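Below are structures written as structure tokens.
Both of the next two complexes hold chain A, though its partner changes from chain B to chain C.
Right after this comes the complex of A and B.
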């Protein structure tokens, strides 16, 4: 039996190279197809990664800790004590890589020429930088010096709307826990630009201690934002943090931003659909080639059958031919994809279409991300569907009537 | 000796000038006390003028000290009964149509008060100018038999004030003639002017005051005082939420 298998295998391999040109064309089609699938999914994964990371920078964090009522009513009343004891210990344990305790309350910023509703963030600039949620680009001035910084940092668009500027005073107005007006004149010490214009109008940064003093909340904070070692695997350590703070609400970004989560799921699903579509095009070529290979060899197959080869073996042989073809194509295609993506991983500049990219919450540089799971998926898809596609010609070959086959030209 | 005299004379003159003209902060304090009194009761009409429409509202207002104000609209009928209460910088409104007292949140303090050119903040915190600003006397001049003081008021660094400075013109009988609101580039944004001055219940007061925005010249709000009484007796419980909702006066 083993001998038979080896014979069939050798026969299939040799058959493959009998018509060198046809096989090479087919091989090329498989290689290009596999390359396209892996390459495009790396691009899409890069886009999704970028989108999710941007979302998480803005959220910010992969996990957030709040007062149980904060998300329903983000007022200063629903604040929490800064992390201490068990919670602090949980936050200092890997894979947690950074966390930031922040005050986040609705507020009003006014100048002599207007006023706008904003989200006032009282932050620790160092922690915020570690978290990746500090504004990356300062247009003018500086970001906050420390928690005691009494200045504020405004977005560029907000500055334009309020007709104010660097070094000028604006008035911040919010409410203290007793619903009294808490307001103070503050100087604009920095102006930032954000990737999304909406954010520039929405977020105003101030030193945490200075904001806590303004609101009269002692050392209380509104939220603790935490990041770990990757946004896809958050659940295990989020559960550990939640266990350390049973009286608080600990949610992962998937729950905090269901839209982002849905986008990720959608994109993952889309990648699969894309692969299937690419394969559709590929499979016509595959079926065609194998069908031709069978038609050309009708007499030969008839002869083999007349000599006593069973239809099952004919089926096996034709299938093996396509397995060899696909296997070779997959190996070459994956290798080619790997070679073409590696040099691009430092980023592809897309600044010419930056405005369009902004609509998808993305920056102007695309970082393709090669994932071995994408390669595995494309391999499985190509191999699986390829075998399915070659079943038809194989089936026809096996069903040939030896007498008629021998008599055909 | 002669040299010392030369130094002394300007010093003495400066002292004399200082004694003749009260300190700038004093002038502001007295101007505010003058139009608010310890307690006061005012009947007035507010006219809001825009390019293509104009409307008037009659109202009654009670004040006590700097921190307590109650305003009630009496006409037109659709607005009658609306009230605004301001105590210690907080502000509540009441509308009989929805039968509800609403606290003005901080986010709305900069918005218009009843659609006028006054902001809620102008109404509830107008006495803040005394201690949240640094006052300097810019100019003293004679005008129509009165001494007129021009005072510049610059808000303290952390005062919750958006203006770069305010320039107030006050007459020596403590009538506020003009208040300019300038932004931090010293551009005039809006001006409050006394248009008519008359004597009412023993005091000379500005009976017509107009707040006008400089950016939109056709828009202004005028407050015309019909009658004013100072030193009225304020019933206890006047400046309370329950009185705002169920007027006893």
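Right after this comes the complex of A and C.
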């Protein structure tokens, strides 16, 4: 290799430490800049991941299967038969990891003290758990036993609003396919808490068969929610499921919630923009540091050129100095970011500001997500743009006229 | 054999409105193995001529041939290569790279040339020994006296085995004892190794070491004669 042969690596390294103070200051700036890039990206990624996860919980599932008219009119009329035949076969094939057929209708829950509009979910508890959409935390009582469970599970906030409690009776009221009121008194068998307080007021769970019986819809369901092996890679298997159920509407979360989709797409863009902005601040210091370093060494550079060092090699030497500085800064900055994020990955409690965050579909705990791709991106940005910026002083050094440079004072 | 040949070299500098003559139709042949001194008043064109012969600068017109190859008209990179492989330089001052040790400074040119590390180190140590700096290989330039620094520069110039060494006032910053030592070294390298030396100097006592004396004035050669070297007690 030309560089090593000419020994300019050693030269560049020693030159870097000639002005120890200046180099250390610049190094510190790079370290802090890189740390900020990676740390902020991890925060943003944690935030967006959280939003997407919460969003998927709400949907729920990465893919949903509905009657073609369900989304326009989510009533019992637009229900579908539970998966069978080709569709069932498609749902049993990897990467599909879980699915749940559920009844989902608008309903009213009343206690002695009031009533509330809710979304009534008739579910198979085992399937919901596999899907990850069963309530995570039970505050009191239990979740449903099975599809035949005739009790209901309410959110804590709803219980408070209705001034009811565990073991008490409430009345749920909805419509059957013939627009007749279907109502039934049921017992509250469990109270859950949700990550998003709003969910606690919205979702009421009942056994699927019990709800189907209440609504008089036989074995029909409103939707089938499906998950695979990660929300980012949903397109291929969603298409396969759709092909197995041509008469139904099969949509991925990207189509179901375009906002989430946009968030996810924007996030990578945000990270890049943020990094470039931070780099901008660094680049002035970097160019200045190198320009000073070149300026102080004009005679020496003239000497090396006089002795037969080609201008290209002079250019490389200055760039190499920059690479050493940036590389060191990147290594330390990334290490620092890693060290500062790892302990936070178990979650940062934001409950004091959680009410504001709910607007953005955020829970009250933020889980920063350190991603090697963000570290890679920061490295590419800092090294790539850094080298580009360093070209200015390096070019100046290479263009020096050896005779004049040697005679300058 | 001819080490350097110059034909009708002209160089004019422009300083504002003024045109300054650097070289005025200089023609000159220097044989391999010779020891030439360039003298003349300040501004007579000594440095300009050395720079043209060493490919550090290009003449406005005329031809320069080094070791049989025309070098006027080469581009920057080609001239750098030409210098790297053919010419050793000793400047008046600021000869060494401050962050490199004496040994590393001597190795520098060989390193750029691509000489293998072991060979390079062996040659550098040998030449440093020849110039009387054994034991000082690890010192940085700042830890050497002016005379020692110039000797490192000479070591570097000859370690790369150039066709000729160009020295522009190599003794100007030295006390007379160091100057005498350096000249003794030049003579020795010239006589024992056949290295061609062309040096410029103001100092008549330094000129005395040369075997050919060229005097310049106003960019021209006004005198060119052979002499029997008369090393003096400086």
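What to note about this one:
Definition applied: the second predicted complex is superposed on the first by the 301 of 409 C-alpha atoms of A that agree within 3 Å, B and C clash if a C-alpha of one lies under 4 Å from a C-alpha of the other, contacts with A are read in each partner's own complex, and residues count from 1 in each chain.
Simple rule for what comes next: contacts are C-beta pairs under 8 Å (C-beta built on N, C-alpha and C of every residue); 3 or more make two chains touch, one makes a residue touch a chain.
Computed from a predicted model, the values in this text were never measured in an experiment.
Of the two partner chains placed by superposition, only chain C is touched by A:306; chain B is not. Of the two partner chains placed around the shared chain by superposition, chain B is the only one that A:169 touches, whereas chain C remains out of contact.
Once the two complexes are overlaid on the shared chain, A:365 sits clear of chain B and of chain C alike.
In the superposition on chain A, A:182 contacts chain B only, with no contact to chain C.
Shared-chain residue A:130: touches no atom of chain B or chain C.
After overlaying the two complexes on the shared chain, residue contacts for A:196 are found with neither chain B nor chain C.
Using the contact criterion defined above for the overlaid structures, shared-chain residue A:406 touches chain C, although it does not reach chain B. Once the two complexes are laid over each other on the shared chain, residue contacts for A:391 go to neither chain B nor chain C.
Contacts of chain A with chain B, set against its contacts with chain C after fitting on chain A, share not one residue. Against chain C, the residues of chain A that register as touching in their complex are 5-7, 10-11, 14-15, 18, 299-300, 303-313, 402-403, 406. By the touch rule above, chain B contacts chain A in their complex via residues 89-90, 103, 105-107, 109-111, 155-164, 181-184, 189.
Across the interface of their complex, chain B is touched by residues 106-108, 110-113, 115, 117, 150, 163-164, 168-175, 179-187 of chain A. Chain C makes touch with chain A in their complex at residues 51, 56-57, 76-77, 80-85, 87, 89, 91, 94-100, 104, 107-109, 111-114, 156.
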